[in-house]
Structure formats: structure tokens, C-alpha cells
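Both of the next two complexes hold subunit A, though its partner changes from subunit B to subunit C.
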Partner chain A sequence: MRSIVPVLTVVGVIFALWYAAAIWLNAAWAYDKAKRADVALSTSELVADTWSQEKPRLPAPHQVGAEIWKTTGAMVAKGRAFSKRSLIYHSWITLSATLLGFALGTGLGILLAVGIVYNTVMDRSVMPWVITSQTIPILALAPMIIVVLNAVGISGLLPKAMISMYLSFFPVVVGMVKGLRSPEVMQLDQMRTWNASASQTFWRLRLPASMPYLFASLKVGMAASLVGAIVGELPTGAVAGLGARLLAGSYYGQTIQIWSALIMAAALAAVLVAIIGVIQRVTLSRMGMA
Partner chain B sequence: MTDKQAENTGTEQTVILAEKLDLTFQTNDGPVHALKGVSLDIGKGDFVSFIGPSGCGKTTFLRCMADLEQPTGGTITVNGVSPEAARMARAYGYVFQAAGLYPWRTIGRNISLPLEIMGYSKADQAERVSRVLELVELAGFENKFPWQLSGGMQQRASIARALAFDADILLMDEPFGALDEIVRDHLNEQLLHLWARTEKTIAFVTHSIPEAVYLSTKIVVMSPRPGRITDVIESPLPKERPLDIRESPAFLEVAHRVREGLRAGHAHV
Partner chain C sequence: MGWILFAVGAWIVGWALNVRLARLAPSRAVRLAMPVLFGVTIIAIWEGVVRGFDVSAVLLPAPSVIATTFAASTAILWEDFVQTVIKGALTGYIIGCGSAVLTAIAIDRSDFLRRGLMPVGNFVAALPIVGMAPILVMWFGFDWQSKAAVVVVMVFFPVLVNTVEGLQAASAMQRDLMRTYAASSATTLLKLRLPMAMPFIFNGLKIATTLALIGAIVAEFFGSPIRGMGFRISVSVGQLALDLVWAEIVVAALVGSAAYGGVALIERVVTFWHPSQRARS
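Right after this comes the complex of A and B.
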């Protein structure tokens, strides 16, 4: 209960600022219309107009809310949840690429981290490339990945998932290298005194010790995966997915559609990260570490 | 020396034998002589303390016995074989300065960790865990996590872990160094009981003169630069030692000799 009040306060402030900004940004168009119709606008009429334009510079929250409802709940009510006009359909397209990319990225990240920790050659050679990979703007790289994979006959889900993977493996590598190296020298010496094999040391010491680091990385990786999937949808010609909705919205000046897709993406990311948070809490408390 | 040992322990069997042991670390500031010409034998059932200022090589010597450091000269054998072979045969339990319990394992599962690694059966593991917990007076704490225990209890759990498998040698590197005086007294007393019951050979590194004199049948005084042995004192104290033995004249005499040895070591610097 104590945490509800501050949260609601912050949300209230954001909404107030949002409505105020909508008046400010959309007023010019409202005056323009009034001037052409040759009528004078009262303050209340001005406010009402700025909050209900069809293509506002900044749509008001209730407009975005109505659009989201129209493309999700209302579609479900009509039994058309997966029609092409439904935001649920587009979210699902993006989500599937996100999850596949996240799984691939996590797997790749853990494998690379194990290699880096156990192999000096990999430690020296791979890590610089891992860091370099993240300095290339993903927006420049995404179309090339799509085109190259398309040329070898791979299209659809996988190219987008590859872009997700490209963004999400990085935090996992960095976090897991740190996590796998987190056992103290003393603990490693101790394993040696028991004549433990390398695999026993890995499974019983290094891997469990890295869990808190892994979960922190997974949260960052999950958010990065979603960004990757959306970016991957942009150069495909905006067929389906939240990225496609963003692109189509910007082609046709449908700001309300852009904002509803944005909010949907943010909500999706929040839910995904929260799910990892729950898994983290359950896992670590069962391990006695939380 | 061997004769006196025989008096103390009733046996002449040598467990650890070091002859002219050297260990030189190459550092950026030139070579550091951690050990130079260290010779010592430890008999079966002995309780040997190593005492000396920081940098005298007492921990390094212990780590050589455990095959955690490689000597650069001389010979050392443990149970008649090389330290490496002894380590492979799991001949010793090693207790570090920090308890080093795994936070994600309960006390019971921490103690069974070496048993799992060594491939003991599940039933055997359970039996051994409850036996050693009894031995260090931690029965009933099997399902607690390490953070639920005090520092002294954690260190006792780590001793239990070193006792859980069949090693006749216990190597202890300042195991009570981080604990307060009262807890330390109590643990010293317990350790003596444990030693009497298990008849293990114990090598014990410490900073504390009273601790060394109270526990040991043999006190090895070391001095730094280069790390070497300056005195080996056979304790005349009886095996049965109540805490108030520390006020007896015999005790104070041994303590005095240890202090003299430490001072002499410093005079060389």
C-alpha cells in the first residue's frame, strides 16, 4: 500500500504533463482550422479540439487508450483477435521474434562466456570482437542481415530473431563472464584440494555463483531483444509486427497509431522483464541467495 | 626430535616430511624467498602450529603440503608420496581463513559437497554429514543457510566439511583469525576435543601465541625474508588441556620461548 501512493502520484504527474503538452503542441492546428472556418475559439473549445484531433502532433492519452482498445479488446470481442488490423496480431509477430532471438542470444552469450572464462585464447580474441559488434549501429546493420539472409533463402521469423540475438547476446556475455569469474581464489583452491574435476567445478561452483549476474543480464537482454525485433521489422517493408505499425503510422501521419504501437511495445517489454524478475526471485530464493 | 614425538603420540610414523624446502616467487620487484631451507617432520597424530609474522612463509608452507604451491627446491612428502599424489588421493582436509561456504547450499549440503565430488553414496553422505555436524556441535543446523549462522558457527561448519571425508590430515590456515577472542577460545577448546576423538594429524597456522601454545604438541616458529624456521618447540603440556592451563607456569614458559623465538627472528631482519 505504501508503494502504491508514490507510483500513482508519478503516473498522475505524467498524465497531467502529457495532456498539457497535447494542448501546447496541437493548438497551432486548432487555431488554423478556426481561422479558416472564421470562428473565434474559446479556451474550453481550444482544449477540447487539441484533445480530439484526428492526426494530432501529440495524441492525448485517452485517444491512445481508445485506439489500443479498438485494436485489442474490441477485436477480441468481435472474435478477430488475430486479424491484420489487430494490435494483438502485430504484438504476437514481434513477440515471437523477440523470444526466439532472446533464446538464441542467451544461449550464444552463455556459450561465449564459458569459452572466454575457460580458454585464454578466446579471452584475448573474442572479447574485443564482442565489444566491437555493439559499436555498429543496429539500424545500419539490420537491413543487411535481412538482405543477406533473404539471399540464402531465409526469411520470415529467423532474420528478425537474428537481429534480436545480435543485441541480446552482449549483456549475457558480459554478465556471465563476470559471474563465472565471481568465485574467489580460495573457493577454487578448495575445489582443488578435493581434487574436483573441471566439470564438477563448473556445475557446482562457477555456474551457481553466476546466477545473480545471469538474471541481471537477462533483463537487459530481454529489453534489447524487443528493440532488435522491432528494428528488424522496419526494413522488411512493414508487413507485420509492431515495427511495421510504427512505420505504417509514420508513412500516413497516423500519430495515434504510432503511439499505440509504442505503448504496446513498452507494455510488452515491461511484462517480459517482470516475468524474468519473478523467475529470478523464485530461483534465487530457492537457492537461498535472495 | 623423533624420540620426543614418540613420547607425545605413541608412534614414530612420519606423515609430512620436508627437507631443505625452497620456494621463490618471481615478482616484478625481483625474487621473493617465501621459503628457504625449510626442513621439518610431522608425526602421525601430531598437532603442529606454525607461528610467525606476516610474510614468514607459514601459509606458503601449508600450501606446499596441500599442493597449492609448487616448491622451487628441496623435497616434501605427504604420507610418503608427493603432495600432488596425496591431493589426488584426498589425503587431507584444508580449512581456509574464511569459511567459504556456498551461499546457495544449506549447511548440510555444503558439508556433503566434497562427498558428492568424491562420489560417496547418498546414504553414506547423509550419515557422514550428521556425524560431523555432531562432532562440531552443529546438529540441527543441517537445513539452515550459511547466512543464518554466526561467523564462528560458519567456521565450525567449514571444519566439519573438512572432516567429512576420510582424510587423516587436517591443514588449517588461520581458521579462527577473523573471530573474536571469546569465540576463538571456545573453538580452540572444541578443536582439541575433536583432535582427541578423531586422532587426526593437524597442521595449524596462526598469529596468536596463546593459541599456538594451547593447541599444539609442537610449535614451529618462523621468521620472514627469507621465510625459514627459527625454532621448533616440543610442548611439555599434557594432552588433556582445560582452558585454565593457560595460567600454569609450564604454559607461560612455552609461551615465553615462542616469544623469544619470534623476537630472535626479527633481530635478523
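Right after this comes the complex of A and C.
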């Protein structure tokens, strides 16, 4: 709790810098406008102008805030929460792909980890490839995966979820392998003296012991999964989703729209990771681990 | 039909060989041979399935076709490699990691700053920063400068967070020892705390290698001069020239693995004293 003051200070400084940078980056355009209108700008007018331009190089925080409110809260108030102009709609599209990909990736990751822990052949032949797979910039594959799956007739949610899955399975595999191997020799021997079968050892010892590792990986995997979903939306040609908003914004120079989509994505990431954090705390405390 | 049998045969032979190898004592050669064998098996199955089922080249080209394209278009691939990897990713990686380490050393001097910046840094490290790409492309233009900027932003926070954590790794006892030697804070930093931080810093650097490539390639989707790996990938996908796309991906995979391996190798030399490195040799 004693971190609150420093954190607030840092956040405050970031906002101050943001406002200052907005003045600095947008000043050129403000001067340009003033020159054409043949008026001299006073400092206060300059500041006011740089913070309220229509297509600024860097929108001020309150402009982004207003845009987010306009496309979320205000739309809800009008009862059009899921219209195509609403950021809630786009967030939902991205969120659904993220969650599906996350679920698939977690499932695949846990299965692979169990295979790797229980099978020497898999451990020695697959594990190096799992690690290599992450040194490949998979996001480069995103356009191809989308186009190819489209050609086979799979479109919509699944191709994006596949990219999310690829990004999120790795942390889960690595974390779960470490977690499933975390019981000590003594504990494993204890299970043997109780004549426990392999499945009993798995369900009663290895799996519970791996939980702290699993949750740590789930947080990383969730963040990666969101990145995958956003990038997966780029090549579909700006149809729907936060990634599409980013792309459309960059096509039409709508910087405020880009920033609002970006902040929305950040908020989404924060909320998703926080939810896992809460589940982690509840689960681990009920298991008597935290 | 022959090709399908070939795929099934490759699968059985590869699996059987790996099972046989797994029973051997895990010597260095066996450790290396097993993943290689696994990879070769996958490629053989891929080749067999694509040819056997007559999969269209628009969906999935066979490995042999990709290899041919790779050999035939080395000039294009090299041009893209220079544009994306050398100019974009490498420049950004050096600037980003360098400034992150320097910032971490500066932050470390103030407890207040550290407690304030760490939660923020951890938070930002989890954000989808790739999304900054369109903005940075708008600010820095279409050429490699904007790609380098995206890479800087992407690698900065993971390296920062890891370095700050690493600078805390020296124990109170070790610091006290430095004090009894009357070491100045600069000497303590150079001789004790930075070396102790190295495993953490390298952890961050390793994460950053992959991020740097991703950043440089994805930033090209938002606008690029007519060369670069990301540009070539998105254009070739549009032209359904998937063999060229796969050739680019092979380049990306090679670069990614080489960069990761290179950093891991340097780590081994620098942090030879660390238990995780000693255990392996």
C-alpha cells in the first residue's frame, strides 16, 4: 500500500508529459493554421488549439477520454451499445477471439506439458521445438493464416483465435512443465509408499503442485492472446475489432480513434489479467497455498 | 497414393527411431539428434501429405517448393532482410535495450522512483504495445525509422523491468562487504550489482529479441516502402504467392532463432558463474 503515492506521482508525471508532448507535436499545425488565417497566436491560444485539434499528431488525454466516452457510455445511454460505431462492439469482437484462443492455447499447453512430463520421447524431441517455435516471429504468419483459412472456408472468429492460441500456448507449456515437475523426490516417494497409481499421483500431487506456476503463465498467456487477436484483425481489411479500428484510423489519419482503440485494448488487457489474478488468489488461498 | 504411404512411413520410422534414441544414455549427440529427427520427420510428413492429397499451392506449398523459391529469390530475400532486420529491428533493439538498461540504473538510485515506476512498467509490459505501430508510422514516416521506433517501444519495458529487478539481486551481506572495502557506489555498481543483475538482464534481452522481430514486421503492415519482410508477406499473400511468403517465414525463423541463440551464447559467456549455466556443462 505504501506504493500508492509513488505510483500516483509517476502516473501524474506521465499525464503531464503527455500534455506537454501534445503541445510540442501539434504546435506546427496550429502555427500553420494561424498563419493562413493571418492571426498571431498568444501562448494560451496556442495551448488551447493544440489540445483541441481534429486530427492532431498526438491527441491530448481528455480528447481521447471524450472519444472513448462518446463511443461507449454515450452509445449505451442511447441504447445502441452494439452498433458498429460503438467501441463496445469492437472490443467484444476482439475479446471473443482472445478468450477462445486463450482457452484453446491453455488446453493445448496443458496437454503438451502432461505429455512432455510423462513421456521422455516427447520431452527430448518436442520440447526444443516448443522453444524454437517462440523465436519465430509468428505474428508475421498472421496474414497468411487468415487468408488460407478463409480459402478453406473457415472465417470469422476461428482464424484469429488460432493466432491467439499459438501465442498463448507457449507460456502455459513452459510453466506447466516446470510446475508438474515441482514436487520433490521425497513427495513422489511418499506417494509410492502409499501405493498410489500414476493417475492418483497426477491428480493429487503433481496437478495441485503446479497451480502457482499455471496461474503465472496464464497471466502472460492472456496478454499474449490479446496481442494475437488484435494483430489477427489487421489483414482482414478493417472489418471489426480493435485491430480493425487501429488500421482504419491509420488509413484515414484519425489519430483520436487510434488512441481510443489503443487505450481500450490496454484497459481490456488490464481487466483480463486482473481477473486471473483474483481467481489465482481465491484458488490458491482455498488450496492453502497463499 | 505413394506419397501418402511415404508420409505414414516417415512418421513410423521417425517415431520408432526417436523411441530407440530415448532409451540410450542422454549424451550430447542424442540430445541434439532427437529434435532434429523430429523436425525432419515433420517435414517429410508435410511433403508427403501435400503431394499425396494434391493440396493446392495456394493453401500450403510443399517444403521442396518453398526451398526452390528460397534459392531462386535470394536477392529479394536479402533486400528485405537488410531493410527489416538490420535497419529496423537491430537499430531499434540496440537503442531500446541500451536506453532501458541506462534508465534502470538511473531509477535504481531512488527508492521512490522504483516503487512508482515498477508497477507502471509491469503494467505497460503486459499491454498490446504493437498497437502503437500505426501512430509511430505516422510520426516517423514509412521508412525504417518508424520500424525502429516501434521496436524501441516494444523492447523497452521488458528489459527495464528485468534490469531493475536484477539490480536488487545483490544481497545485503554482499553490499555490506563492498562497503567494508570502502567501495564507491559506482564501483559497487560495476563490480557487484551489474554482474549480479546479468542473468535478469539477459532474460529481458532474450524476450526482447523475439519482440523486436515481431515489432519490425508488424509495423510494416501499416505502411512501408516497397521492400521489407512484413511488406513482402502482406503483398504476396494478396497475390497468393504463398511459396514466397513461406520463404520469408523461413528467413524470419532463421533470424529469430539465430538472434535468440546468439544472445543465449553471450549469456553463457557473461554469466558463466550462475548455477543455471554451471549445471549444464
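The definition used in the following text is that the second predicted complex is superposed on the first by the 283 of 290 C-alpha atoms of A that agree within 3 Å, B and C clash if a C-alpha of one lies under 4 Å from a C-alpha of the other, contacts with A are read in each partner's own complex, and residues count from 1 in each chain.
The criterion applied here is as follows: contacts are C-beta pairs under 8 Å (C-beta built on N, C-alpha and C of every residue); 3 or more make two chains touch, one makes a residue touch a chain.
What you are looking at is a predicted structure, and each value in this text was computed from that prediction instead of being measured.
**Q** Mind working out whether A:P208 is in touch with subunit B, subunit C, both or neither, as first, second, both or neither?
**A** Only subunit B is touched by A:P208; subunit C is not.
**Q** When the two structures are overlaid on chain A, which partner does A:I276 contact: first (subunit B), second (subunit C), both, or neither?
**A** Neither subunit B nor subunit C is touched by A:I276.
**Q** In the overlaid three-chain picture, which partner chain does A:A266 touch, first (subunit B) or second (subunit C), both, or neither?
**A** Once the two structures are laid over each other on A, A:A266 reaches subunit C alone.
**Q** Once the shared chain is lined up, is A:G253 touching subunit B (first), subunit C (second), both, or neither of them?
**A** Second partner only.
**Q** First (subunit B), second (subunit C), both or neither: which does A:A97 touch?
**A** Once the two structures are laid over each other on A, A:A97 reaches no partner at all.
**Q** Looking only at subunit A, is it subunit B or subunit C that touches more of its residues?
**A** More residues of subunit A are touched by C.
**Q** Applying the touch criterion given at the start, work out whether A:V152 contacts subunit B, subunit C, both or neither, answering first, second, both or neither.
**A** Only subunit C; A:V152 stays clear of subunit B.
**Q** If you look only at subunit A, which of its residues touch subunit C in the complex?
**A** Interface residues on the subunit A side: 2-3, 5-11, 14, 25, 57, 120-121, 124-129, 132, 134-141, 143-144, 147-148, 151-152, 219-220, 223, 226-227, 230-231, 234-235, 242-243, 246-247, 249-250, 253, 255, 258-259, 261-262, 265-266, 269-270, 273.
**Q** Which residues, counting only subunit A, touch subunit B once they are in their complex?
**A** Those residues of subunit A that touch subunit B are 184, 186-187, 189-196, 200, 204-205, 208-209, 211, 287-289.
**Q** Using the touch rule from the top, collect the residues of subunit B that touch subunit A in their complex.
**A** Touch residues, subunit B against subunit A: 66-68, 87-88, 90, 92-94, 96-98, 100, 102-106, 113-114, 116-118, 145, 147.
**Q** Quick check: in the complex, which residue numbers of subunit C touch subunit A?
**A** My answer: residues 15, 18-19, 21-22, 26, 30-31, 34-35, 37-39, 58-60, 112-113, 115-117, 119-120, 123, 126-128, 130-135, 137-139, 209-210, 213-214, 217-218, 221-223, 229-230, 233-234, 237, 240, 242, 245, 248-249, 252-253, 256-257, 259-260.
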